[in-house]
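The next part holds the structures, each set out as structure tokens.
In the two complexes that follow, chain A is the common piece, with chain B as its partner first and chain C second.
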Partner chain A sequence: MAMTAATAEPVSADRPARKMADKTLWLLAPGVIWMVLFLVVPILMMVYVSFWTQTTFAITPTLTIKSWVTFFSSDTYLSALWTTIRIWLIVLAATLIIGYPAALFVGLFVRNKTLQTVLLVLCVIPFWTSFLIRVLAWRPMLGKEGAINLILQGVGLINKPIEVLLFSELSVIIGMTQIYCVFMVGPIAFMMGRIDQSVIEAAQDLGAGFWRIFRTIILPLSMPGVVVGAIFVSVMVLGEFATSAALSGRKVNLLGNIIVTQVGSLKWAFAAVAGVVLTILMGIVVAALLRVVDLRKEL
Partner chain B sequence: MQASGTKLALGIYTTLFLVFLYGPMVVLAILSFQTGPEGGPQFPIIEWSTYWYKHLFGLTPPTRIAPLPIEEALVRSLLLAVMTMIVSTVLGVTSAQAFRKKFTGSGFAFYLIVLGMMVPGVLVGLGMALVANALGVDRHWWGTTFVLHVVYTYPFAFLVMLAILNRFDQNVEEASWSLGVSPVKTFRKVTFPLIFPGVLSAMLFAFTLSYDEFSRTLFASGRDLTLPLAIYGTFSVEVHPNVFAFGVLTTLFSFALLGTYAALMMLSIRRARRVAIQEEA
Partner chain C sequence: MAAVLQLSQVTKAYGALRALDGIDISLPDNAYISLLGPSGSGKTILLRVIAGFETPDSGSVLFKGERVEAVPPHRRNIGFVFQNFALFPHLSVAKNIAFGLENRELNPITDSTVVRARVKDIVALVGLTGLEDRGVTQISGGQRQRVALARTLITEPSLVLLDEPLGALDANLRTRMRAELRTIRERCGVTFLHVTGSETEALAMGDAVLVLDRGRIAQADDADTVYNQPRSASVARFLNCYNLFEGQLSNDEFVTSVGKFPLQGQKADARGQPAYAIRYDRISVRPLASPVTAEEVRLEGTFIADEYSGAAINSFFSLDDGRVIEVESHLSQAAPQTCVPHSRYALVWKRQNALVYA
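Here is the complex of A and B:
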């Protein structure tokens, strides 16, 4: 390599650049390969298996749409799909309605940074306990001899216990709302915290009342938080099956529960169909939510 | 905001909201001190006792209520969480390092990684079970379940590290390189201490998420149960306060982890401050 000092300059500037690209590749490869093998391949496999032939105890890789036809002509599956959508919509609305005022308080009204952090940490702490234990904790709350019935009877509001509280659709909705509420509060409180206080003060100086300020300033500026929260809650509620298994007494069957029972009875092709339907449903929901607010522009 | 009436109302509301969040857990904790074996999982407390805690550890005379099968499950869950924590933290740190340079396809890689935390466990779990069936591979907690746990926790580690590295001044590293310090030593002496808080957070996330992970585990593990699966098994039968006692203990364990994390974090911040003061002097 005969090279003068003058020509050596550009070469050595070029080499680190390529070395850098190589380095990026090597750093990135393990993670990306892991995700392709253990995330993308399983999902594709699910789509593929949904077209396999299901016999009583086994599946054979002969392609057919029989499982799909069975799914969409069965009342059980269709009602599970409908129940999933209904519970998702109710829980989404409930988390938003219950969570928004709390987020408004924490994000906008609490000006003390320490108190704000303490309140947010208090909201997050329940996540450090097991998900299943949190679900199970609703049983002694909602049961016929549960805490809520005892309190209501003690106060004298009711004479006999409300039985519909546990092992019903209502108990599933209450449980899910409590568990997923925080995913709504967090993003909204974050967006509230970013609202410029002087904008609100200016509106106040100009004589705007609270509702006017809320409608024209706070609500629009907090929308990206609502959308992010809604995406979190939607994806988690749509993929649920444990809460309904624990709190509905097998009365509420979500698509997730269908998948679990089908896998339990080795009906893999049916489970795969339900899985694909769930994936499509989730894709539509997330895409629709992203339509509401352009997150890239807002965040 | 200076609307004091609204502020008061919202403050009261937020307090009620916190009661809503914590109420069930508090009730569960109280009921775990129900007397046994005749006391059921409901009020009133017949007599305060630690019977169900003893029952959990097999310290009570045998009754018709079988003890929870948690002993081996606990060991499995802890091992699985440690394995997941190590692998996902390493993957998270390396991938986030890669993202410090702009490169083509970075958007695609980013979404691919983040997808791992968004896709519900039912779907990946089912997919993994199908792949394992097709390949004729047995499903085990240390195999199929482990890789899925990493799929779930690695995005968290990645995002935490990305946030840390974004705030990180690259000139410090370049200064070290230009002074002739080897890249390995630079990473050990300069980069690592700076990203340590992020690594610690990534480890905490990965460990606790894996320790509690349930839906992926349900489909992808074979006969050997992990802790969440053992709890899920009790859903279908009559619930006794021993499950509540277990819930209290596992919650305390998680808090201990959180406390350790907070202490380590505090130490690291204090050390960073001391170094800063030394440099100024």
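Here is the complex of A and C:
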């Protein structure tokens, strides 16, 4: 009897709250509808199309795995997959190596909040120009007769231009690192800024030197920022095609470039296969990164 | 008693502001010292100079007989308990406590069994047994305070600086932690320098009380002396239990805007601004007509309101120039005069109970 009384009470008190919760769910409706229409349905469509029958001039909705077999037995596609993974890893490492110290400086050593904001805004300045201009600006910089080669020759460090600077994998990596570095700096600097100065002073007071404090306090506390930054950079680099198209002189083919070419020649099924592969790859990368740190706990 | 810490003529300025203006202190070994200062008196900066987070502009800091101004904080072995505790948010209670032992630059302990044993001892000392594996965000404020203390004590510093250690706790817990801090200190046998803005805390905790006023040590005495004989008008003001009158000394009288107080040979302390101080509980309230003896000083005031605090009643009277004076009547003594608002009363005190600064 006592138990029924005890349970009956909260239910009746609970009801208005639950009704409220039912109503608030409607707030999600526009977002959910949008995502279903323009994300979930297209992805399912892409998976479906990847099993269609592709002939030179037409595509028919007869299911086959021919496109998949072609993709995984072709050196061109597999090497594009491998190039994509390689460039992604190199760019990820480069943005981390360049971005982390910068974020450490901005987030932790610049005590003045205004100056901190100014420095972060400076990082974003390249985004005030269009993507194409940013990428193309590398050409006069890296080219055979570009600024870097001219300066190095002028100083006398080299006597003939370094040709590998432009239209190579290196130029793609340089270009991507420059563009995506800020996406690494931002989240890390944000996490650094949240580290209480007195926590570091406490570690110092307990006798730890700088590197110890870095390893035991700063690095673990900034890991969520690293993971978020890495997710940003990874998703963007894996889906890249424009930088490689503009800076590699068609020598570097990423999965993104394959998709563009296939779509251009109306090979929808192949493009869909490459798209599915790319989506799965991104999914794996993001899932793996999220396992490094429990973001829900940290943020 | 050997001095564990000696500061002489330590100054530190921020622009035009002299945050520390020639500090001289000497802290004995194995003692509880409280440092009382209002906000802005430079008490946190003083602690930071001692711990090594700030470098003094001039003067010397001697720790166990050696000059340490140029020694970085992590090589000083002076403990610092932060006001907000500054626990490592990503580490468990036990890991927080073990941090100093495992990560210090000077002879770190790498043997995990030794670390575990030491952590176990200190956890028992501060009363945290059973919470070792909790995250520091999953424990209460008082427990966090204990973790902060344990984390510092485990490194066996000769001096522990506590920056308003009870400030972040609620009133109930604060009183309990007071007693506990003292017991823990006695068991460790180290010197605690406890900084606080609360005069009751400073008087209750310290074997000796240092009073900091605008970057200078205004008084360094035992609690009883500080309370009964503040050395200057500003110290009296911090104690929050003195009515202060500004004025001038002239012809054996102290002349203020509310009247002349006869001194009759009472000596004035010559420190800082001239003032006449009378403690709240030294004043008695009488009807206007009642007579006064030659020993007594009399002032008239209008009763405004009173405040009941259990053991005492604090009454407020406004004087003719608008200033408010406070009278504290202890209820354990005779039942105090019941006052009617807006009526005038005589406020009377014995001449020798007043403190005169000129």
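In this text, the second predicted complex is superposed on the first by the 268 of 299 C-alpha atoms of A that agree within 3 Å, B and C clash if a C-alpha of one lies under 4 Å from a C-alpha of the other, contacts with A are read in each partner's own complex, and residues count from 1 in each chain.
Heads up, the rule we're going with is that contacts are C-beta pairs under 8 Å (C-beta built on N, C-alpha and C of every residue); 3 or more make two chains touch, one makes a residue touch a chain.
For clarity, every value in this text was computed on a predicted model and none was experimentally measured.
Taken together through their common chain A, the two structures put chain B and chain C side by side without a clash. With both structures placed on the common chain, the touch criterion links A:Val227 to neither chain B nor chain C.
More chain A residues lie in contact with B than with the other chain of the pair chain B and chain C. Once the two complexes are overlaid on the shared chain, A:Val91 sits clear of chain B and of chain C alike.
Looking at the shared chain after the overlay, A:Met191 reaches neither chain B nor chain C.
Once chain A of one complex is fitted onto chain A of the other, the partner contacts of A:Thr24 are limited to chain B, with no touch recorded for chain C. Of the two partner chains placed around the shared chain by superposition, chain B and chain C are both touched by A:Gln204.
Judged by the touch definition given at the top, the superposed model places A:Ile217 against chain C, while chain B stays out of reach. Superposition on the common chain A brings chain B within a closest Cα-Cα distance of 8 Å of chain C.
Taken together, the two complexes place residues 204 of chain A in contact with chain B and also with chain C.
On the side of chain B, the complex with chain A involves touching residues 1-3, 6-7, 10-11, 13-14, 17-18, 20-25, 27-28, 31, 41-43, 91-92, 94-95, 97-99, 101, 103, 109, 112-113, 115-116, 118-124, 126-131, 133-134, 147-148, 150-151, 154, 158, 208, 212, 214-215, 218-219, 227-228, 231-232, 234-236, 239, 243-244, 246-247, 250-251, 254-255, 257-258. Partner chain C is touched in their complex by these residues of chain A: 196, 198-199, 201-209, 212-213, 216-217, 220-221.
Of all residues in chain C, those touching chain A in their complex are 51, 53, 72-75, 77-80, 82, 84, 86-90, 99-100, 103-106, 108, 151-152, 155. Interface of chain A with chain B (complex): residues 20-21, 23-25, 27-28, 30-32, 34-46, 49, 98-99, 101-102, 104-106, 108-109, 119, 122-123, 126, 128-134, 136-141, 143, 145-147, 150, 178, 181-182, 197, 200, 204, 210, 235-236, 238-242, 245-246, 256, 259-260, 263, 268, 271-272, 275, 278-279, 282.
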